[in-house]
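What follows is one structure encoded as structure tokens, with my remarks underneath.
Lettered A, B, C and D in written order, each chain numbered from 1.
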Amino acid sequence: MAGNTFGQLFTVTTFGESHGPALGCIIDGCPPGLALDEADIQTDLDRRRPGTSRHVTQRREADEVEILSGVFEGKTTGTPIALLIRNTDQRSKDYGNIARQFRPGHADYTYWHKYGTRDYRGGGRSSARETAARVAAGAIAKKWLQQTFGTEIVAYVTQVGEQEIAFESYEHIGRNPFFAANESQIAELENYMDSIRKSLDSVGAKLRVEARNVPVGLGEPVFDRLDADIAYALMSINAVKGVEIGAGFNSVTQRGSEHGDELTPTGFAGNHAGGILGGISTGQTITANFAIKPTSSIATPRRSIDIDGKPVEIATHGRHDPCVGLRAAPIAEAMLALVLIDHALRQRAQNADVAVNTPDIARR
Amino acid sequence: MAGNTFGQLFTVTTFGESHGPALGCIIDGCPPGLALDEADIQTDLDRRRPGTSRHVTQRREADEVEILSGVFEGKTTGTPIALLIRNTDQRSKDYGNIARQFRPGHADYTYWHKYGTRDYRGGGRSSARETAARVAAGAIAKKWLQQTFGTEIVAYVTQVGEQEIAFESYEHIGRNPFFAANESQIAELENYMDSIRKSLDSVGAKLRVEARNVPVGLGEPVFDRLDADIAYALMSINAVKGVEIGAGFNSVTQRGSEHGDELTPTGFAGNHAGGILGGISTGQTITANFAIKPTSSIATPRRSIDIDGKPVEIATHGRHDPCVGLRAAPIAEAMLALVLIDHALRQRAQNADVAVNTPDIARR
Amino acid sequence: MAGNTFGQLFTVTTFGESHGPALGCIIDGCPPGLALDEADIQTDLDRRRPGTSRHVTQRREADEVEILSGVFEGKTTGTPIALLIRNTDQRSKDYGNIARQFRPGHADYTYWHKYGTRDYRGGGRSSARETAARVAAGAIAKKWLQQTFGTEIVAYVTQVGEQEIAFESYEHIGRNPFFAANESQIAELENYMDSIRKSLDSVGAKLRVEARNVPVGLGEPVFDRLDADIAYALMSINAVKGVEIGAGFNSVTQRGSEHGDELTPTGFAGNHAGGILGGISTGQTITANFAIKPTSSIATPRRSIDIDGKPVEIATHGRHDPCVGLRAAPIAEAMLALVLIDHALRQRAQNADVAVNTPDIARR
Amino acid sequence: MAGNTFGQLFTVTTFGESHGPALGCIIDGCPPGLALDEADIQTDLDRRRPGTSRHVTQRREADEVEILSGVFEGKTTGTPIALLIRNTDQRSKDYGNIARQFRPGHADYTYWHKYGTRDYRGGGRSSARETAARVAAGAIAKKWLQQTFGTEIVAYVTQVGEQEIAFESYEHIGRNPFFAANESQIAELENYMDSIRKSLDSVGAKLRVEARNVPVGLGEPVFDRLDADIAYALMSINAVKGVEIGAGFNSVTQRGSEHGDELTPTGFAGNHAGGILGGISTGQTITANFAIKPTSSIATPRRSIDIDGKPVEIATHGRHDPCVGLRAAPIAEAMLALVLIDHALRQRAQNADVAVNTPDIARR
């Protein structure tokens, strides 16, 4: 496969460039009978949409989704679901220099050398705009997981630059422009982000994504472990540079007597494992952290070269996120959902008979 | 796929349990014409082998590999290469309790619930012994990469528990039992590991894996990015809990002006990217760090339950690594090699014509 | 995969129902740099289009294709190419009975039992209308093969019902409504088809598809042989019931001394093999025949049951092809092109170095 | 994938050359809990084994299978099952000329050009000996299908050269060296085969393979239709040149009113469909015919060329089947079983909930 398909049984194949006519995806393998309409998908798309606060890009996109197939009389039919999102705010402008220069920290250089050509308008395929299709597909996965297992997936920002964000409550997440599970630090974060923007620079972020009510038994060792596929899924998001499962890098200094979660008749006594042992879900909450690098498009002038290898100076002006991590929460939720539904179907394929005899799974 | 195949064009399908008759793999897609014999593979197997110092498990396995197919007159033929490693030191013993109990931090619980059964002898399929097959396959990938691009892959331990290991020189790595790029701290590390072992406990580790002389252009966005596949590959190794590419979690506090590597006519001015931009290799050294949790099998008694849900106390005696991370370096090298060869073949498939026109790749 | 993706390196994922808003596909893995616009695709779509003669369905569809991504400044970029074809002639009508009844010879019964639901409008996903997406994707594959190897692919009808059609010349194929390589029998065929239509019945057909100028070396034994993949590709077309490669079923009565094509310094002395030996292309013309069953939708009343298992009588009136085989030629060409491009990329991946040293391939 | 893996959820990856040390396979995705030992596999291997009558090759191979993994305490564990069959009768002999010459009708020419090298000993990977691994894997699939659905798979020879073999009874199949469902023509067939062998020539064959008690709903349109995958599976067997499903090429002259099987409250009134409609199983018996070309290795001298393009004369002496089709029945059964188990698991993955509500499937 050429790399634009995610999953093995619930597959999502995406397409679309930042400034092309449209982007979207085909979902193949969605079980039939799931109630679905555009509104189910639009909700998550609206959470990811640009232009919703002054701290993110001011590009204006309605991101309106159209279901082209696979749904009949309000329910999925088991055939491919095609989703279409038209681009509407591709500003016509002079791309002159961008077409011939490689922006530092960007995919310009590598796309050019890989393909021998590139769509330079707005980053083309390498634009974070591509994640709209992921979020749309993920919304379907989330709905199926919720209805089948009661699975709840949530992501939130735990750090922006030097600012660590204390966890206060899940219910705050949707009420601030930072996807922060926090209420008391919001003003402080607003000021921090304003200062970053004014400095013509950008900053990184750290997020956490969790899934509750995941059945035990998901994951296919030895390679397609659940944690391996989560790492793959999160690292495939633009700008992600690190992924941790459970205790993550803190495991390095832990002792075995501390890290290994004891079991009791009422359940596990801890969750350093992040809900995964031996690459298979334990039934506990799945937890992962990931790091997002600072946006590469900044107004501060930087050294680079053009396609002839000549030195140039580049400063990117325009509608860019000073912290791209602030819009990553819905994308991470979508990716985790895509991993989980795929493994749920895989588990069902191989172990259908086991499942019905297993109390943990039967509890669904 | 049921999860035991790695790669898409250079595929490795592994089999084998810790205490079964044998383990091994089939490699499909190895280009023809590569000079290959058992010795090429044995070298890396010997580096991974147990029982080589007092700091690792004392199980004695020759780990002797037999090539069953795919090689004729000393060269690969393009047909599947099957590798066989017989197990020789499966001690006969009474497994009584282990068969019915779930060891904390182990895959016992999840295998039991996933499959409704498990081979409890030495951890069965979930044993780190499984990685011998990976190392064997990786040796072939390393040889092809070396001969085709001059690619050099090396992994080393950068931290054991609280002990950070300073980088001194690559040449030290093979000369101490810790895969440390260090000479001056070895005595200290010996003492540290002795103390861990005597405390009947275990400890985590952090490693770094690097690949030099990687051609530009490897990686298939948007999902099968090179970094995403490296994260998947490293996280699929037993006990790995975190993966970083380049600056990793340090990116969170970096500014865009710091993180984004500038380009100059003579090359990149830095490598925070870890050799990957937009999911595609830049031609720079690829760098990744990963965290390994402390061994779960420890002699300290711990609480758990049996398959009936009754509480039990478990202490694991026997031949276990006090720091499983100390044997992970050859495995990480193998996994990185498997990612790189697979993407090299994928790049060749899609962009054969581009490649010959691209100076960076042509330089191979 | 859930079954709607064709190929491994040049993948085509299709979507769309007969009476839904649109159908189309995503092509992933098309090499960059191929000149491409809508007109390249429209030509083949027009050849497949319904309503072009009185011998095929009178449904009127413009089948106008829109390229949504993957093409920039008139050339492919190496990123996914999405193609969209809006449905325009979905007549609103009362589907009442069709929704609850299973038409003999149709997929109604099996879709209902497989998915527990079905889009009954015009056959939904099981409609031959789905093949428009294949033809669109195939047009791109054909263009690349033509430009890369000079490959020419052509399909034609060799029999309709009892009427065997003598081969006269390739140039006749595009000049009659039967895709017949024949000029002298056309009037006879017109009369035959008129009589079939008037009898309220339908009839089967036999076609032949050929590819000239195929490089030697395509095909991946032991399973993904070129002939096996051609059989899969042709049998995946609606209504196909049989596939032959080369001598096909005539091989049964042949002697080895007759069937095995001798080699001479100037080439093969025959082509009973159909251009494939050991599952790998020989460089000769690839030849395959296939059988298409008579259209199941006929106006003659037939016995069936409804979804409650009650007996019903069904006669299908409306816009149906009396011989669905008459429109199959462009579809077969597309499928053969998709097989060949996929195997060309696979060959390039694994044997790039061999290829340049091989006279037969180098002759491209 | 490089072509040596069959299936998507129940995958079989095979390896091995005719005169290498061994052949075998890894099965990944076998559901856990299936009772399995070597004897289950050996039975089918013995049916395929060479040297069992004077009408087949006189090579003597025990074809003894060893299970290396994936089975514990007599049951499958859900982890990969590796099967090993050592070659024992690779006669040492002078291969001199064969190494440099291309036998007509053989894969010598194509392997040489594809890979730039080939293992010429006994045909290497292209030898029909490779099918032993398929038969071994198929035996496991057959057992699971039999226990899960009561599925019975049987193949038999319906024609040898000009000799059509009348169907008399299934029970005769195992009682003659021709896998003929016939008792009265056996003496005639013996004489016929003797005459072929004495003429230093070979002859083709036609076989039929059937599966009874297949659940409704197997098959994944639009590409991975059950019939398309059966065509792929059968055409992937050495020497197969044609495949028919149900009425096959007879469909060409049929009318729609004849071909389309009517439905009644007690079931289908016919089976021209061969148990498959719209690419999905109907629950009826699946029927397929296939053609096998005459053996290419014959003692009659034939024209060919060597690797330098020089003309040579080749006559193959030694231990060859005068009609390779006579040993194909167990192989076809294995391939059909591998298709069915894979699609059964795929159906279970996507439609687990549908299945339990579907009378036809519930009847299993």
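Here, contacts are C-beta pairs under 8 Å (C-beta built on N, C-alpha and C of every residue); 3 or more make two chains touch, one makes a residue touch a chain.
Note that this is a predicted model, so its numbers are computed, not measured.
Chemist: Any chains in contact with both chain A and chain D?
Modeler: The common neighbours are B, C.
Chemist: Which chain lies the greatest distance away from chain C when centres are computed from Cα atoms alone?
Modeler: B
Chemist: Report the inter-chain centroid distance for chain B and chain D in whole angstrom, where each centroid is the mean of the CA atoms.
Modeler: About 38 Å separates the centre of chain B from that of chain D.
Chemist: How many angstrom lie between the CA centroids of chain C and chain D, rounded to a whole number?
Modeler: Roughly 26 Å separates the two chain centres.
Chemist: If I count partner chains per residue in chain A, which residues reach a count of at least 2?
Modeler: 1-5, 8-9, 14, 29, 32-33, 78-79, 114-116, 125, 221, 346, 350-351, 353-354
Chemist: If each chain is a dot and touching chains are joined, what shape do you get: line, ring, star, complete or other?
Modeler: Looks like everything touches everything, fully connected.
Chemist: Chain C touches which residues of chain A in the complex?
Modeler: 1-5, 8-11, 13-17, 20-26, 28-29, 32-33, 66, 68-70, 72, 75, 77-82, 84, 114-119, 124-125
Chemist: So in the complex, which bits of chain A are touching chain B?
Modeler: Going by the criterion above, the answer is residues 1-6, 8, 14, 102-107, 109-111, 113-116, 125-126, 130, 159, 161-162, 201-206, 216-217, 219-225, 227-236, 238, 240-265, 269, 272-274, 276-283, 291-298, 300, 302-305, 309-311, 346-347, 350-351, 353-354, 357-358, 360-361.
Chemist: Contact residues on chain B for chain C in the complex?
Modeler: 8-9, 29, 31-33, 78-79, 221, 345-346, 348-354
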